[in-house]
Each structure stands twice: as C-alpha cells, then as structure tokens.
Amino acid sequence: MKSRVHLLMAGDPERGGLASRCFDACLMALIVANVIAVILESVEGIFLHYRELFYTFELFSVTVFSIEYILRLWTCTETPDYHGAVLGRVRYAFTPMALVDLVAILPFFLPILIPMDLRFVRAARLLRLFRLLKLGRYSYAFKMLSGAFQRSKETLAVAASVLVVLLIFASSLMYYLEHEAQPEAFSSIPQAMWWTIVTLTTVGYGDVYPVTPAGKLLGSFIAVMGIGMFAIPAGVLATAFIEEIQKKGSKTTREEETTVSPQEETIALLERLDALHDKGVLSDDEFLAQKERILKR
Amino acid sequence: MKSRVHLLMAGDPERGGLASRCFDACLMALIVANVIAVILESVEGIFLHYRELFYTFELFSVTVFSIEYILRLWTCTETPDYHGAVLGRVRYAFTPMALVDLVAILPFFLPILIPMDLRFVRAARLLRLFRLLKLGRYSYAFKMLSGAFQRSKETLAVAASVLVVLLIFASSLMYYLEHEAQPEAFSSIPQAMWWTIVTLTTVGYGDVYPVTPAGKLLGSFIAVMGIGMFAIPAGVLATAFIEEIQKKGSKTTREEETTVSPQEETIALLERLDALHDKGVLSDDEFLAQKERILKR
Amino acid sequence: MKSRVHLLMAGDPERGGLASRCFDACLMALIVANVIAVILESVEGIFLHYRELFYTFELFSVTVFSIEYILRLWTCTETPDYHGAVLGRVRYAFTPMALVDLVAILPFFLPILIPMDLRFVRAARLLRLFRLLKLGRYSYAFKMLSGAFQRSKETLAVAASVLVVLLIFASSLMYYLEHEAQPEAFSSIPQAMWWTIVTLTTVGYGDVYPVTPAGKLLGSFIAVMGIGMFAIPAGVLATAFIEEIQKKGSKTTREEETTVSPQEETIALLERLDALHDKGVLSDDEFLAQKERILKR
Amino acid sequence: MKSRVHLLMAGDPERGGLASRCFDACLMALIVANVIAVILESVEGIFLHYRELFYTFELFSVTVFSIEYILRLWTCTETPDYHGAVLGRVRYAFTPMALVDLVAILPFFLPILIPMDLRFVRAARLLRLFRLLKLGRYSYAFKMLSGAFQRSKETLAVAASVLVVLLIFASSLMYYLEHEAQPEAFSSIPQAMWWTIVTLTTVGYGDVYPVTPAGKLLGSFIAVMGIGMFAIPAGVLATAFIEEIQKKGSKTTREEETTVSPQEETIALLERLDALHDKGVLSDDEFLAQKERILKR
C-alpha cells in the first residue's frame, strides 16, 4: 500500500502510469488556482463580494495540501535516501521541497495554534504565495534558474562586492553635494542610496534627482561610468539562464561533434579497407600498403 | 486569362515582368498611403478639415483591395497547392496572407452588413491599420522577424514562465509592504504588477514607486537582480533577429568549413569508384588508373 | 610657393615637418575654442558680460577660417585628384571636408549678403557648431564612427523598417485605448508615438503613461517584447564602433594567424629535411622516403 | 624586531602565519566599521543620539590607523624595493596604497594643524570614506576592477571623445529647439546637457523633457541612435570586468589548444635529436634507435 502511494506521488510518469500523471495535473491546477486566489483576494471589491467562497477554497486547499504533506512524509521511507522510520523522515522533512510543502500549510495552522496580532495574520496570508514554489517539483524553468544561479555564483559575488563599494561612494558623494539643496530627498547617506540605485539601474522614477550644478555633474559621471556595473548581476544571471536553456538542446549535438577517438577511427577505416580488399578492388600489396599507413597514424 | 492575371499578381518579378512589378509597386504605395491616412485621421484638426477627402480615399482603397482579394481568390487555383475550384479556394482563404487581405477590407463592409454601436465602429477603424500587414507579402524584414520568433520560440516560452513567477512574487511582496503607505498606487496585487513591470523594464515613469524604507530596500533588490530576467525576451528576440539578417551572408562560408580526414576521404572515394566499376560505368583500365590516382594522393 | 602652402596644410606630419604640425595644432585649438565659445554664449549671464569679446573672437575665427578655406581651394590643384584650375577646384569644393569648411564660415557671411529675419540669424549661430566637424580632418574617432556606420548600414536599414512598423502599431493601439481617458496626452496617433518612443527606449520621463487597465496591460506587453527592437540600432552601432576600434590592434595578430599555404609549408619542410640529410642525420633512403611522404601530402 | 613587524603587516598569509591573518582580519573589520559609522552618522537622528560614541570610535580608529601608517613607513625598508632609510621611505610614501593610508588619517589631523572654516570640515568628514580604499590591499575585486580599467583604457578614451561630441551636438540642437518653449529647463547649452545625459543613459527622471513637436522628433531620433553610444563606456567596463574574473579559469585551457602538424613535429624532433647527438649526449646506437622510433610514428 505505502509503496503504491509513493509511486503515485513520485512524479515519475513512466513508472507511475496514468494515475500518477492525473494526480500531478490536479495538484498543479490546485497550486495555480491558489496563486490566482491570493492575487484576486488582494482586490478589495472582489474579496468583499466572494469572501465565503475564498474561505471555503482556502479550507479545501489546506486540507488537500496537508494530506499531501502527511502522505509524502509517510511514504518517503520508500526511497533509499530517507531510510529509517524516524531519522529518515526527519531528514526528508528538512529537504527544500518538504520545507516548501510545510510553509504552504503553516500560514493556516499557525494562527490557530498560537494567538497572534492582526499584523502577523496578514503576513501569513502572503506566505500562501509560496505555494507557488510547490510547482518547483514539476517545473523545468525552476531548475534552469537555479542552475543559472549555481553557475554564476562566483561572478555574482565579486560583482556584488564592487556594487556595494560603488553604492557607498556614489551615495556619500551625492549626499554631501545635494544635502543642503534638498534636505528632504538627500537627508542621509542611506536615503541617497535610493537615488544611486534608481539611477544606476536606469529606472529613474524621478522622485529624487540632483538639482545643484555640482550634483548634476557628478550624477552624470556616475551614470555614464557606473550603469555597466549595476547591469552586471542582471546580465550575468540572464546570460547564464539562457545558456542553461540552450545547453539541453545542444547536448546531443555536442555528442555528435566530439571527434571520434583515433582508435575507433582506425578500426573503422580498417573494416572498410578490408571490405574493399574482399571485393577485389585492392590487390594484396595495395591493401598492405594502405593498412600500414592507417596503422602508422 | 486567369493564368495571366495570376502571373501578374504572384509577385515573381522574374516571370511576371514589368507589368507585375508595376502592379506590386502601386499596391505597396496604396498600402503605405492608407497607413498614413489612418495616422493623419487621428489628428482632429486634419480630420475635420479633410473629412470628405479621407472618406473618398477610403472608398477608393476598399474598392481596390476588394478587387485584389476577389482576383487572388479567383486565380489561386493556378497554384498546385490550392487545386480544386471550391476546396482549393477555401484552403487558400485560410492562409495567413489571405486572412490579412480579408481583414483589410472587412472593417468597411461589417458595419454595413450588421448594425453596430459606435464603439465598435471606432475599433473597426483601427483594424484598417492591419492593412500594413499586407506589406508582409513583399517585405524582407517581416520574414526576418517571423524567422527570429520561430528560432527563439522555446527560450521565449521558458523565459515567459520565469517572468510570470517573478512578476507575481515581486508584485505581492511590494503590495504587502506598500499597501498601507500608498493605498491608491498599491491598491491590489494586479495594481502592484504595473509597478513591477515599469521598474523591471527600467522604464520608470515615476507614477508609482515605493516610499517606505522596507519597500525601497526590497525594490532595490528586485531591480538589481530582476532587470536581467525582464530583459531576456527583448534581448533574445533582438539577437535572433540580427542573426537572421546576418545568416544569409555566412551560409556558404559554413559549408566550406566542414573538413574530413584525408584517409577517410581516400576510402570513401575508393568505395564510390568501386560502385561505379561494379555498375559497369568504368572499364577495368579506367578503374585502375583512377584507383592509382586516388592512392597516390 | 603654392606647393609649399599645400604641404603645410595637407596634415601629413611626416612630409610637412614641424611647421605643418604646428599649423594643425593651432587650427584644432581654434576649433575647440570656437565650440566652447558657442556653448558659453548660450549662458545668458556670460554672454551679456563678455559680448564684445565674443564678437571679436568670432570675427577673428571667421577671418582665419576664411583664409584657410581660400588657401585650401587655391592649393587643392596640387593633388592629382583635383587637377584642373577650374574643374578641379569645383570638384574639390564639393568634397565633404570642403563643404564642412564652407558651412563653418557661411553663418557669418550669409546675413551680410542677404537680409534675413532674426529667427534665421539665431539658427545661423547654431551652424557655427558645425565647425566641430572640421576636427574630422584630424580625428581618429570620427573615422571609427563613420566606419561603424558603413559596416552596419544594412542591419540598420532592416531594423529601421521594423521599428517604423512597431512604432505605428504600438502607438495606434495605445491611442485607441487611452484616447478617451487622456484626451490631452494621447490626442492623436503621432502624439502617442512620443509615448511609444519614450517607453521602448526605456527612458520613461513620466510625462505620458497609460492609466486605464487595458492601456497598462498592452503597455506592459509592448514594453516587455518591444524594448529589444528599439535597442537594435543603438546596440548594432555601438558594437560595430567597438569592433572598429579593436580591429586595428588585431590586424597584425590576424596576419600571423593566417595558416601558411601548403606549398610554402612543403618547401620549408623540405629545406629542413635537406639540412638534416646534409649533416648525415638521415641516410639517403630515409631521406627519400621522408621526401616522398612530404611531397605526397 | 622590524622584520617581524613587517612580516606581520605584509599580508602574506603563508609566511606571516596566524598572527598576520588575525592582524589583517582586525584591520579589515575596523575599516568596514568605519564606513558603517560614516553612513550612520549621516542619519541625523542616530548622530545626535550617539554623538559621544561616534567621536570615541573616530578617535580610536584614527589612533589605530596612525600607528599602522607609522609602522608601515618604519618597516617598508625591509622590502628590497624601498631600500634606504630616507629615500626608500619617501618613495614608499608616494605609492598609491601609502597615499590611501595617509588620506585615511589626514581628515582628523588637518583641522587641528590648520584653522579651517566649517565647510571644509564637512568635506574632511567625507574623506573618511576613502578609508574604504584601504581594503584594496586585501581585495580581489579591486584588482579585477583596476585590471578591467587597464584593459579597456584605449576603447574608453575613443568612446569618451565621441560622447563629448555627441553631447555637444545633441544638447545644442535641443537648446535651440526648446529654449523658447522652456526658458527654465533649457536655459543654456550646459543646462541642456543634463537632458542629454539623463536621456541617453535612459535614466529619464522626468525633470526635463522636450515639449515642442520639433523637440520631441529630434529627441526621439537622438534617443534611438545615441543610447548605444552612451552605453559603450559602461558596457566596455562591465565586459572587461567579467572577462577579468573569468580569465583565471581558462588560462590553462588555451595552452593545450595550440597544435602542430605531425610532419612538422617529426622534423622538429629530428633536429633536436641531431643536436643531442652532435653534443655527444646520445651514442650512435641510441641515436639510430630513437630516429627510427620518430620516423615510424
């Protein structure tokens, strides 16, 4: 029984069969519906009108997700990785996907278990969005994105340190130049950092900008030279992500490209040479001469 | 008669001759004039002043385009692809270019056939702009662009799914952080999505931006990391488009690049020579002479 | 005498010697000083204060540039390209650099020759800025930039046609969606084009932006997909420019890379083989065998 | 004693041992704490509340940095580069890192030594930020960034000259077109340059933008064509920086790639063998055996 449930939930379409695929599709639909519900709830008009419906749907979702979580915890011992009735389950409970599953149901149970003020309840509602991460189990794009992060980790770290230094210098200089003219917008260096980020990402909302000639001059210089630095993390991530996507497609292509090993080539050429000799195309002497040439390579 | 009309309209300058090229040029000019007319009509001052002229031009254009559509439908059976008096024509009528031709004249006839309210009539006027797509028949850039779409379809789909997830997360977080401080601008998650898109495309109109310290901090982080993700579709499309343009020139170069090892070439030539000898194409003497030449290389 | 003046002005430092280099430096300094003068004149406070000085400097500059122009026209016949006292000079007068020289002095003489209204006089003042182009004779960056234009001409043309179509479609759709809500900002399609350009270049001043939900939705889609298209001309030009700069440095590197022709290689190998034979390292038989192998390649 | 102190401060973890590493970590922590202090001081609320603490910390930091500077100046003669009790120390005092160390303590001592007005004292406070540059001694990212600057120096210089010309032209044209409509925002050409920079970096705050049709048309054209030019310095720097980071990993790969034709290798080996034989390293028999092995390959 346990092993059949495990197979059903393992998300392996080849071994799980139709039932497994159907189970996956239903769960995915429920996750998407949940995310849509969270988004729609935030629209006041819709929320007030369909309050009951939203609550019922939430109750239903939490029930399903709770059962799913319990079943996964129960059946995880089927996998060799999480062997052991207690220790295996504890280890499984701390895998990223199991934590995501837990976070998906926690916002519902937490306010019941512990009395909380209203502010926390609202934040808990937001946590329901993390149910979207449950899709990670099925999603190709998620894997690509985390692969892209892994690959560009090092470059991102170096770029981040440069960004922090650039951010501190640019913001401090602008603070000293603009503080007097705009005591509100450039009230402190952390405030000035908002200007630096809005400028160097080229977003430029227009809520803060230099007004003094010196501030404009420095701001211009910072913008022309610094924009590239702030574009590095975004650019590196995007490039790695695109490469990650295109890697799969070219894997098979690459295998074909990898030049055949010389030993294999030698054998293949000898086989073809032998065929020509057998058919009498080449005399014995010619055959031997050619054979030698191939063997000597 | 039908085949001559077909040749005239086929847009094949080599076989169609001067008359065909002249026909194409006139039609292209009329299409461009139509687009300019739609643009100018939208300027109130010009529209009120030249009302009559615009109406006359529209009448003329629709007449020409209708005749063109009917002629194309009549002569399409000349092409082997659309053989059959009824079935061939129906199949032709559902090709993209034929649909574009239909949409180009429909906005004029529809309000006559079916009584409609004014709102729809205005939208119908907009449809006249799709006459621009008629240029697709003649345009090189259109082909490049649709080629670029085809090539980057897969990457675009994966990027789109990441974009949607990123959009939902960023918007929801900003909504929860800024909702209280700015109940108008961040009234709901869908509203907050406008901020996310305006920020992550780096457009930054300045109509919505975070004002709370927490919102600014999160907004900064989202901007620095997320801009690259939103730049992917635009960047992938633009790159594919440029590649599509430059592909033509490098096609021949690539073919020359593929090289084979001399030993393999020798064997392959001998195999082909042997095949020719077996079929009696080459006499024994000719075969031996050629074999020697190949072996001596 | 004429040939000596020509040598002085030809800008050929090797043949012209110190005098020529000095002449070039003085002229370049005068051009830069002129551009700075035009910029400073535009600042009202400075202009009113130093009016006389600016006028004197302008008089001096025009005198020098006029003499330079006349001398160049006089001595151009020294070059084989512009032979012929009248025809050669006329041909020279229509070369780009000669036209630039003429435009540099025209703004001063034109208002004297023909009576003009004040508006034109102001525009004429602007023409003085084109004196900057006189630097083109000496400038490396100018050559690089025009080279970049030449190289990417084709791609730019195709991209421009796509841009125009995209601009028309995006602007028309936004006009129809936003016209009623914002009759001022989206008063006509040409007006809506300003929104499209400000958005798709990601500048986003914030003077016009969609306010209706439908407009925001379409605007988001246009921005996410279209930004790449509007980035093409700028990106193509910038890439070609950088390549143009880096081309020079790698020219010599490339020449070394070009694989030696097989004939040359054969000769070189035979020469080295012969040297080994002469020294007795290889016996006659060995030498012949190796020679054969090299010749048979 | 001096040499032990020098070893402690040299920042060479292999020779300096645990004490040296501990010393480096403490100094780095102090530098970071200083930068955080400067940032926090700029927040008025925090500054007024912890005034005493900030002053005490500054006193402590300056004491430590002063001792560090004196010790470095004292021990620098241990390095062969700065030999000589007086001349060596003077030469060391003018190295970039020594100057940074001096600037880090100067803002404290200068106001004591020379009486200054308040304005200068505030600027001196800003100089404390340059203590961040002291991290350069330990930082990998600093080296990468300065390497990136070195590599792209030439391209940056050419791009800068094009930028200046483009800036002058665009600003002057916009000034002449918009001056009458917006006498405030486009009051002079230098003022219009702010618009050009804000537009061509695509920041687009929205504080200045063209309002006349002619200004919008020109502004659109400048934006579409010019954005790429202003993106060059930022892009070139960012690319060089990323390459600098990734260079390390690929160094070994390149060396393996260079390949030589087998015939050439044979000859080259024979030449070297012959040389060894001539020098008597190889006996005749050994030489012949090796020769055969090379020839048989």
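Letters are used for the chains, namely A, B, C and D, taken in the order the chains are written, and counting of residues starts over at 1 for each.
The working rule: a contact is a pair of C-beta atoms (placed from the backbone, for glycine too) under 8 Å apart; a residue touches a chain by one contact, two chains touch by 3 or more.
In UniProt terms the chains read A, B, C, D = Ion transporter.
Since the model is a prediction, treat every value here as computed from it, not as a measurement.
Asks: Same residues or different residues where subunit A meets subunit D? The copies count as same if more than half of the interface numbers are shared.
Replies: Different: when the shared numbers are divided by all numbers used, the fraction is under half.
Asks: Please state whether B-D or B-C has more C-beta contact pairs across its interface.
Replies: It is B-C, judged by the count of C-beta pairs in contact.
Asks: Go ahead and align subunit A to its copy subunit C using Cα positions, then give the rotation in degrees, nearest 5.
Replies: Resulting rotation angle: about 180 degrees.
Asks: Roughly how far is subunit B from subunit D, centre to centre by C-alpha average, rounded to an integer in Å?
Replies: Once rounded, the distance between the two centres reads 45 Å.
Asks: Between subunit B and subunit C, what is the gap in Å from one C-alpha centre to the other?
Replies: It comes to 32 Å between the two C-alpha centres.
Asks: Residues touching two or more other chains, restricted to subunit A: which are they?
Replies: As it turns out, subunit A has residues touching two or more other chains at 202-206, 231, 235-236.
Asks: Going by the contact rule at the top, pick out the subunit D residues touching subunit C in the complex.
Replies: Contact set of subunit D toward subunit C: 154-155, 158-159, 161-162, 165, 168-169, 172-173, 175-176, 187-190, 199, 202-206, 209, 216, 220, 223-229, 231-232, 235-236, 261, 263-264, 266-267, 270-271, 273-274, 277, 291, 295.
Asks: Quick one: in the complex, what on subunit B touches subunit C?
Replies: Touch list, subunit B to subunit C: 35, 38-39, 42-44, 122-123, 126, 129, 132, 139-141, 144-145, 163, 193-194, 197-198, 201-207, 230-231, 233-239, 241-242, 245-246, 296-297.
Asks: Sort out for me which residues of subunit B touch subunit D in the complex.
Replies: Listed in rising order, the residues are 202-206.
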